[in-house]
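Each chain gets a letter, A, B, C and D, in the order it is written, and its residues are counted from 1.
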Amino acid sequence: MKHTEKELLALKEEVSQMWKLVLSQLEKAKQAFLNDDFELAREVVSREKRVNSFELKIDSDCENYIALYNPVAIDLRLALSLFKICSTLERIADFAEGIARHVIEENCEPFSAEMKTQLRIETMFDTAIEMFSDSYEALDSENTKLAGKILSKDEIVDEIYIHSIKILAEAIRKQMITAECGLHILLVMRKIERIGDHCSNIVEEIVFYIDAKVLKHHKNKVDI
Amino acid sequence: MKRIFERIIEFALIVCGTITTLVILLMVIFLFKEGTGFFRNSMVEKGYALCVQEENPVDELTSAQIKQIFDYEIENWNELGGNNEAITPFRLEEIFNRYPEEEWGENYELLPGKLEEIINETPGIIAFLPVQYLPKAKILHDEHLLPDDFFAGSEWIPTATPAPQFGLLPLLMGTLWVSFFAILIALPLGLGVAIYLSELAGARMRQFLKPAIELLAGIPSVVYGFFGLVVLVPLLQKSLHLPVGETALAGSLILAVMALPTIITLAEDAMRNTPQAIREASLGLGANHWQTIYRVVIPYSISGISAAVVLGIGRAIGETMAVLMVTGNAAVIPHSLFDPVRTIPATIAAELGEAPAGGAHYQALFLLGCILFIITMLISITAEFISKRQPNGLG
Amino acid sequence: MLETKEIHFYYGAFHALKNISMTMDDHTVTAFIGPSGCGKSTFLRLFNRMNDLIPDTHLTGQCLIEGQDIYQKTVDVTTLRKKVGMVFQKPNPFPKSIFENVAYGLRVDGIKDKNFIRQRVEESLKGAALWEEVKDQLKKPAFELSGGQQQRLCIARALAIEPSVILMDEPASALDPISTSKIEDLIHSLKEKYTIVIVTHNMQQAARVSNKTGFFMLGELIEFNDTKKIFLSPEKEATQNYITGRFG
Amino acid sequence: MAIMQKKTEQKIAFTFFRSLSLVVVAILFWILGFIIYNGAGVIDWEFLTTAPSDGMTGGGIFPAIAGTLYLILGSSMVAFPLGILSAVYTSEYAGNGYIIRFIRIMTNNLSGIPSIIFGLFGMALFVNTLEFGDSIIAGSFTLGLLTLPLVIRTTEEALRAIPDTFRIGSLALGATQLQTIRRITMPMAFPNIITGLILSIGRVSGETAPILFTVAAYFLPKLPQSIFDQVMALPYHLYVIATSGTDLEATRPIAYGTALVLIIIVLLMNLLASFLRKKFRKL
C-alpha cells in the first residue's frame, strides 16, 4: 500500500475511534438520564476531556495531512469531511455531557413512567443513537444508501421533540411536574433533537466524501 | 598495497603525459637549434677562403656577389667599389695547369708559396683556396650568412661553389603560389559539397558520400603524386601544349583534391551546427530553402567555414610527396601557373638525403623546416582563433 | 548521526555555504529545499566529499559522521563513499548488465566470492523494490530499463555496498509521476535501515517523504525543523514565502 | 513573379551543388579506378611474396610490404601506449592548469604540422644524434611521433564524450579514480579509441616523407635482421620506382601494383574502422 494511503487510513481510524468514544458517551448519557444514575453521569462528564483531546489530535493530523500530502479529489474530500465530522462529533459529545450534567444538577423527582412513555423520550434517545451509529456504518462501509434512512429518522426525532412541548406544557399546567423540571426535560430533549441534526450533517459530509454531492440546504435530501 | 599500486599507475600516467610534452618541446627545440645554426655558417664553403692582392681595397663581399664573380657575371672590381680592374676568379684546380706536380713538394708543403706567386702576379685575382694551403695574401673577411641572404635571397643553389646560395624567396613563392591556386580550386568545390552534404543530401546519399570523402582523405599522398605523375602531367602537357607537364598547375590540382576532404568535413560540421531553431525561423518567415542556406546557415557558420578553409590551406602548404612528384622542382620564382616550381617541403624531401649532416646546406634545410613549422603553427592558431569566435549577427 | 558545525564553503571566491550547523538523526529522512543555486546540493555533497572533485573549492568548519570528522587527512575518501551512498538526479546506470551494475561496488571493493555477490545483488534489488521486475533478466543491459527502474537500480547499486547513509540529489526530478511515487515509497521503506538525506526541487516531495526539512536560501540555512512544522507553520517569513510560492 | 525567380534561383543553386558533389565523387572514382584498372592485373601471389629483381624492373614487392608492416608495428608500439596513457592523464587526471592547456594546444597544433617536419626531426634526433642510423627503430619512432597527436586527440575525444555522470556515479560508490577509469571510462571509450587507432595505422602505412631519411631503403631484398636494419616500405618504393626508375616502361606496372596495395591497405583500415564502429554501437 502506498505511503500516503496509509496516512489517510490512520486518520480515518482515529476518527472511528473517536466515534466509538462518542457513541459510548451517548449511550451512557441515555442510561444516566433514564435511570437517574449519578455515577454514570459523572463518568460521562469526566470522559468529555478525552473527547476534546481526540478532537485536537485529529484536527492537527488533518492539517498535517493536507499540508504535507496535498491531497486531491477523493482524498481531499475525505480529509475535509473527516475534519468537519470530527468537530461535529465533538459537539455531539458536548450534548451528551450536557445531558449528563442535567442528571447531576437538577433536583427533580424522577418523573413517572407514564410520562416517559407519553414523551417517548427513550425512543427519541434510541433513534438519535441509531442515526449516529448508522452514519458511522455509512462512513465505514462507504455506503450512501444508508443516508436516506438516517435522514428520515431525523424527522421522527423532530416530530417527538415538537410533540413533547405540548405534553410538557400540559403537565406543567396540570402541576404534575414543576415548571423548572419540565423545562429541564425540554432542554434535554432539545439536545437530543440537536444530536439528530448533527447526525444529519455528518451524513451530508459522508455523501460529499463518497459521491461528491452537496446536500446542505437542500429541500429533498430525504429522497436520496 | 592497493594504494601503492594505484600510486604507481598514476605516476606512470603522469610520466607519459610529461614524456609527450617533452617530446613535443624537444622537437621544436631541435628544429630551431639546427635551423638557427645556419646563420653561424660562413658564406664561403667550409674549409675554404677567398684571397685577393694586398693592394685590393675591397674587404668584404656578399654571398650573392661572390657567386656572380665566379659565374663571370661581375667582371670588374669597380662594380664592387674597388679599383677599375678586371676580376680574375681563380680556383685551386687551375694550379694543375700552371705547375707540374713535382714542384708542390712531398706533402704539398710548397703549395702556399706557389699560390702566393700566382696571386702576386695577377692584379685582379680573387682566389678560392682551401684553408690549409692559404698563402700570405689579403684574405677577404668571411662573414656569417646573414638573415638577408636567406630571407631575401632570390636564388636557391645550395651546391654552388664557392658561395652556395640559400635564398628562401623562390621556395616560399613556389609554396604559396601552388597552395593559393590549390585553394582557389578547392574552395568552391569543397564548399559546394559541404552545402550539399549538410543541407540537401538525403540519408542514403550521405551514407555514400561521407565514406567516399573519408577515403579521399585516406589515400596516401604518394599515391596522389603517382596519379598526378602518370595521368595529370601528360594530360596537361598535351592539352595545353606545354614544354613540360610538371608545373605549378599540376601541383595545385593535386593539392586541391587533397585539401578537399579537410574543407568538406570541417565546413559541413560547422553548417550542421547551425541550430535547427534558426533554420525553422527563417523558413517560417517565408524564405525558401536556398535563401535560408545563404542568408542564415552560411552567415551563422561562417567562422567554422573560414577555419575549414584555413586548415585546408595548411594541409596544402605542408604537403610534400605529391608536390615533389608533379611540380617539376625548379627552384625559381614562378611567373605563371605553367612554370615548374618547387615548394619548401619538396625541397627538404628532395635535398636532405644529399646534404651532409651538420653542413650549411643541412642546416638550411632545417631552417626551411622552421619556416614551414611557423607557417603551419600560425595557420592552426588562426584557425582555432577564427573557429572560437561566436557567430554574430553581422554575418 | 550526521552533524555539521559552522560549515563555510567556497567555489573560488564565491561563498556558497554560510555558517551551517545542523544535526540529522539516524533512521530519519531529512530533506533540503530551496531555490536553485541556494547551496542545498553543495551541502548534500559535503557528506561524501563529492565536492572534492570540483577544483578550486574550499571548506571550513566540521562535518561529522558518527562523531568523526570526515574531512580529516586520515580519512580515506573511497571508504567514506562506501559508507555514504549517493543517488543522482538523472539515473546513471553503467553500460553493463543489471547484475553487474549492482555488483559494481562489490567488485571495486575487491570481493570475489560469487555466491556472496549474487546474494547481495538479490538483497539489494529487493531492498530497492526492483527484484520482482528484473529477476528474470539480470543479464539484460541496464539501459533497457525504464527511467524509474533505472533510478531504482541506481539505488540498489548504492545499497549493495551497505552504506549507513544515503544521499539523494533530486532523485525523482527526471522521472514521471508514477515512477516518482515509487521512489518516494521506496524512500519510506529505506528509512527503517538507513539515514537518508534528500535534496529536492519539489516541495511536496520533501513534505511527503521527510521527517525533517531544511530550507536553504543564498547559501544560508534559513530554517531547519520538523517537516510538519515547516509546512504548517514555518517560523521564518522567507520559508513561508517560498513554500507558498510567493517567493521573490 | 518574384516567387518564380526565387524558385529558379534555388533550382540552379541546388543543381550546381549536386553536380559539384558528383565531380568530387567522380575524381575519387577516377583515381581509384585508374589505379585498380592498371594495378589489378599486376597483383598476384608472386607479386606479393617475392623480392624485386632485375634492377627493380621485375619481381614483387614483398620486402616493402614486410617493411611497412614492421613500421606499422613499431610505430604502434611507440604511439599507442604513450598516446593513450597521455590522453588518459590529460583528460581524466590533470585539471585545467597551464601545463595541461599547453600540452593540449601543442597536441592540437601538432596534428597540423606537415609530416616532412617529423622526417626532419626524426633524422636529426634518431638517425644522427642518437646514432640509430637509418633503421626500423628510427623510422618507428618518427612515425610514432607523427601519429602521437592523432592518437592523443582521438583518445581524448573518446574519453570526453563520456558524460561525467558515469564517473561521478562510480566514484560515489567508493571506486577510486583508477578503478573508475579501468572499469567504466575506458570500456565505454574503447570503440572510439580503437577506430581512432585503426585510422592512425592507415595513416602510418601511407606516409612517405617521414621515412625518407629515417628508415627507407631503395632496394633491399632481404628481410631485416634487427631493429637497427633498414627496410623497404611501400610508399617509398612507389615514390622511387615512379620517379627515378631506370626503365620507366618496365617499372610502371610494378608502380601500379604498389599503389593498389597501398590503397587496399587504406581501404581495409577504413572499412575495419567503420565496421567496428557499427558493431560497438549495437552493443
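Worth a mention:
Throughout what follows, contacts are C-beta pairs under 8 Å (C-beta built on N, C-alpha and C of every residue); 3 or more make two chains touch, one makes a residue touch a chain.
Only a predicted model underlies this, so the values are computations on that prediction, with no experimental measurement involved.
Without subunit D, the contact network of the other chains breaks into the groups A, C | B.
The minimum number of touch steps separating subunit A from subunit D is 2. Distance from the centre of subunit D peaks at A, each centre being the average of the chain's Cα atoms. Interface comparison, B-D versus A-C: the higher count of C-beta contacts falls to B-D. Taking each chain's centre as the average of its CA atoms, subunit B and subunit C sit 62 Å apart.
Taking the mean of the C-alpha atoms as each chain's centre, subunit B and subunit D sit 23 Å apart.
Each chain gets a centre from the mean of its Cα atoms; for subunit A and subunit C, those two points are 50 Å apart. As a whole-number value, the distance joining the C-alpha centres of subunit A and subunit B reads 107 Å. The residues of subunit A never reach two or more other chains; the list is empty. Along subunit C, no residue makes contact with two or more other chains. Within subunit D, the positions touching two or more other chains are listed as 176.
Interchain contacts link the chains end to end along an open line, per the touch definition above. The complete set of chain-chain contacts reads A-C, B-D, C-D.
Within the complex formed with subunit A, the residues of subunit C that make contact are 181, 184-185, 188, 204, 207-209, 227-228, 231-232. Across the interface of their complex, subunit B is touched by residues 6-7, 9-10, 13-14, 16-18, 20-21, 23-25, 27-28, 31-32, 34-35, 81-83, 85-86, 88-90, 93-94, 99, 102-103, 106-110, 112-121, 123-125, 128, 145, 148, 152, 176-178, 199, 202-203, 205-209, 212-213, 235-236, 238-239, 242-243, 252, 255, 259, 262-263, 266-267, 269-270, 274 of subunit D. Chain contact summary for the complex, subunit A toward subunit C: residues 2-4, 63-64, 67-70. On the side of subunit C, the complex with subunit D involves touching residues 48, 50, 53, 55, 78-82, 85-86, 88, 90, 92-95, 104-105, 107-109, 154, 157-158, 161.
Contacts from subunit D toward subunit C in the complex involve residues 95-96, 163, 165-166, 168-176, 179, 183-184, 187-188.
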